[in-house]
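Some structures to go through are shown next.
What follows is a pair of complexes built around chain A, which joins chain B in one and chain C in the other.
Up next is the complex of A and B:
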């Protein structure tokens, strides 16, 4: 291996000299030490995929496999006890060996999405990572953890993985990080700005990403997930038809097979109340008996006579869409919380205004609930009716939404510099669990971003603003009222800075809270966030305003804003330099 | 139920006299119980709870060989972690809150979705369609006389006894 490398580098040297002889300009580029350093050990730049395990650890399933594989295994993150087979526990995927899954008793390691029962989690991990299924010893491990993962949980995870499973290095991040990264790469964005909706088993998280960084203050959590939907379905079916309270496993399958998100709830409810001839929603579901029928299925109405004699039939009518409806209106079952749509809007509002429309244009939905048919259309319909008409709302729901984060892990490993993020065993031994956790938990609030932007804008003299006023017409729906706190900050920062050139502007600025100046700033915002429909005019506007900038520094800033707003679909080298 | 005087009259009225109106705190308790049910892992009791597992028997046949590559010292039982890292969910949320305050980052609690501004839609507890009527006794909604009878025969009584 080493031999090969040295030979290769000799080759590079020879090549360099040759080019040097031919062309001095190219030669200069090769002389840069940076280039040479990078090519010196190309192995170190990327993580060895065959020696890396990606673990997307969810509350319901663990998605894990070597990074060199294409798709992960889905292993139930629970221990199950069957009625029929006493004296035996089914750990993780051992449930496949269980023939009678009626009345399964679950031992779940997670409480509201966070691991609290280590006596349950440990045997499952042992089963998955310590044995033949997906051994992790002496491997690099990329692992996900829920947002706001508690320190106690992280400490224990570190201890188990480093000390007991003896992994060589570890990196932990949120599944949404990986989703955002993968989505960004698919869309050709280098630094992704998108809104990730992760609707899983325990909860639904909405996480905004701005220029590749998670906007921590914009995270919203809806305490509703697949578990609650299944439990609610169990409850209403038990009351209306059979007693199925003990059949979590079966009812979960019923939910997966029959439920959908209604696009027009009132209308669908009306259809469901109609007689059989007009009602296209009602379905008969054949329940499994674990004797002749292993898994339940929707019965075909034409072949109703062929059905088994003794099978139990579940009649599903409004339950089919009333259950997933809880995600959109939790108040339907008395939970006093806003639905997923309002959470999305809240989350966008908490981000700097500059990015609002870019976030609305890049929404990606992952997690098990995203598999419900109609989810995307409903979300789209509600969001469009709630957002300014000029904004383009675009929602992406990946086909395999449950393993999207895991696939994102693959993309993460292919990134430059990802190897540096891993914490090695040596570092763990030296700094301990608390010492390394800072590298796993990034907190970035984007309010700061906005204030720095204001500081930068200060350097531009008032005349420029006035010029802009003439150029642009006011755009009503973009110009929201600035809240009073922001106003104060603005006026204060202006006075403090003192870099304002003319006396006239200074005096105007000291009256920062007057509506006149505020309008000015609103117009500034209007420049920075032009609606996508006016793209062509926007470019000309920005170039015009750029030409008015005096110093080169200011010009840079302006360019930066411009490109951040742009959904950088076209690969622009400028873009990479400035950000 | 308390003893009733034997009087003539409508059976329905007699029934309704028998019912006491469920007070607010009971209704709240019922709602809390419903939420707990929605979060619960299981409805039934542990089917193996009465079983006495023989601890001497190894639980998995392949365990000894598979683990032999590891140094014995590093192997720890699940109980070890359970005892070392035993903390309730509420405890961890509280710790997170304190840590977040110290470091100026958003905490777990802050990310919670806000409460809704709208009045809840009302659904029949029995059949799941929109409802118009409220049970006088317990406050649960129903949509028709048919559903009312079912409700009074089943769920309503649960809370009045």
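Up next is the complex of A and C:
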């Protein structure tokens, strides 16, 4: 009995420690000096590169290789059925063995970028992580997952990797994290601030990073990726020329070979409608017949039908740039969504104002769509015309944009690859999948209060100034958020009366506001809660000074936001300011 | 062959994830995998604290700019719309072909543009 008790006690203790360390915001401060000590002795702390596999699992290709290598293997993340060999399934890279790739039928494990068809994914992983290709058992694994990966998908991934493949430890993060990290290193930034645009197969994500942290509010997803472009190309070609609805594989190659992003869409359209002499856009694409021609190519205009007598020629005109144009104006094919440029601007605007300039200066575009020629120039041109003139827009498109995230994984291992970060199999056995997921999500998540400090400080003094003019009382708003609804109504009536007096509020400011804030902070357990939207309207009903208010409404919202997020420490200078 | 190798090598672990995936042994008994739609809708029902950023909240905002009009047949800027079929066309040659098109193809063209509704 005694033995049991002590063991139980220990377990509880361990759990409590874990929670205290990982989940509580104040815990993080005390962790920092420890980390410094550890990095002094990196050899026994960091994972061994030659025993670590980096897996960038995309919806279209899995990029995987040992971390000690320079470049990953690209393996298609799908099972294919060929018309020529009906009985055989081609899993992943086995497609190289297929001679006739016409009418290839795809089984894709991902649905809009998230793995949902496990019966497809499992055989592919079996193929990729077997002994010959890229063994993972008894190795450390650094894996990527899409943003906002769902819990049951993570559960399943953990289960497969720990229990089926028996890896020794695992770490998962978003590919954009790795991209931001690598970009920051290349630019010599210690805490990178950049805007990562990841335009992949299933979707395009725009993720702002501020001081090395992901700013969750600013993340935007455009539901357009390479898959949609290929499918649209298939559609229009089928109506205009050959019936190619089943030739996904071939049309994807056509897209890769011929498509480009137009820098001036209207102008290019005009050129495309001209006759052959003035039209420099039109191309003849020789389709593969998988007999003599293994892969299609753009034919020389002078020597059509010289080389192959019976080949099929695809004439590509405005399709070449109209297809990638969907990324910029999705409304062309009836998708009610803004294009990538508006998404970018939207994302920047959702971030704290001080960082707008820095974000615009550090845009990095990765993913397969970034390989389209002209993509960078078009983005640059549109962004510059839409942004304030004094801002410098700079866009980086890495040469190998598809494997940039994988390379980022390498720099992650060098920078942050301490053994402690990785979840070992032992820990998985003990806590289960849901127990370890927290550890994957805490690195590089948003901590906006840290970044918004400076700007908001000024705005508060401005608001204070307005307060003195008896326009409204900010303190009562604060009380609102903490206290019950009754008080809320009361204060509302105050405001509506137009008899708001500031003497009460001033005293409340010096003494009352701090405990109130702390309460709020503890209650919500460090979760960001933007103010309910009704509040702002409530205040704006103020009697006389509507015109004055209008200018400061926006700041008012931000101020409240700031108060909710603030630590007690950082608040002190603020109070001094008021006195 | 490779997949079998791995399965033999792995000792049956306690939760046996294999039983989920091995369709031969298991049949259709455990087909509990949800589609993405189900996952998203189940995520929405969870009691998230206010202001949490979720999958559904990061969608790109809708566009307010009216879409430009392109010919359904050639992809060129279209000035005209055929009132009978609602197809857009750029010049009279295209209109001549539209007149000859059967119903199913015009419907296909409209679906391609994402304008299958009559109002489109």
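Side notes on the structure shown:
Just so it is clear, the second predicted complex is superposed on the first by the 396 of 579 C-alpha atoms of A that agree within 3 Å, B and C clash if a C-alpha of one lies under 4 Å from a C-alpha of the other, contacts with A are read in each partner's own complex, and residues count from 1 in each chain.
The rule is simple: contacts are C-beta pairs under 8 Å (C-beta built on N, C-alpha and C of every residue); 3 or more make two chains touch, one makes a residue touch a chain.
Only a predicted model underlies this, so the values are computations on that prediction, with no experimental measurement involved.
Under the clash rule set out above, the superposition-derived model of chain A with chain B and chain C contains a clash between the two partners. When both complexes are overlaid on chain A, the residue A:313 reaches neither chain B nor chain C.
In the superposed model, A:155 makes contact with chain B only, not with chain C. In the superposed pair of complexes, A:81 makes contact with chain B only, with no contact to chain C. Once the two complexes are laid over each other on the shared chain, residue contacts for A:235 go to chain B and to chain C alike.
In the superposed model, A:248 lies in contact with chain B only, and not with chain C.
Of the two partner chains, neither chain B nor chain C is touched by A:98. Overlaid on A, the two complexes show chain B and chain C touching the same residues of chain A, namely 111-112, 114, 116-119, 122-123, 130-132, 147-148, 150, 152-153, 156, 159-160, 163-164, 166, 216-217, 219-223, 235-236, 239-240, 269, 272-273, 317-319, 322, 329-339, 342-343, 346. On the chain A side of its complex with chain C, the touching residues are 91, 111-112, 114, 116-119, 122-123, 126-127, 129-132, 147-148, 150, 152-153, 156, 159-160, 163-166, 216-217, 219-223, 235-236, 239-240, 266, 269, 272-273, 317-319, 322, 329-339, 342-343, 346, 524, 527-530, 532. Across the complex, chain A meets chain B through its residues 81-83, 86-87, 89, 103, 105-108, 111-112, 114, 116-120, 122-123, 130-132, 137, 147-148, 150-153, 155-156, 159-160, 163-164, 166, 205, 216-217, 219-223, 227-228, 231-232, 234-236, 239-240, 245-246, 248, 269, 272-273, 317-319, 322, 329-339, 342-343, 346, 443, 445. Residues 31, 34-35, 37-44, 46-48, 51, 53, 59, 62, 66-67, 69-70, 74-79, 81-82, 84-89, 92-93, 95-96, 99, 103, 105-108, 111-121, 123, 125-130, 154-155 of chain B are the ones that touch chain A when the two sit in their complex.
By the touch criterion stated above, chain C contacts chain A in their complex at residues 2-3, 5-7, 10, 13-18, 20-21, 23, 33-36, 39-40, 43, 49-55, 58-63, 65-68, 70, 73-77, 90, 105, 108-109, 112-115, 120.
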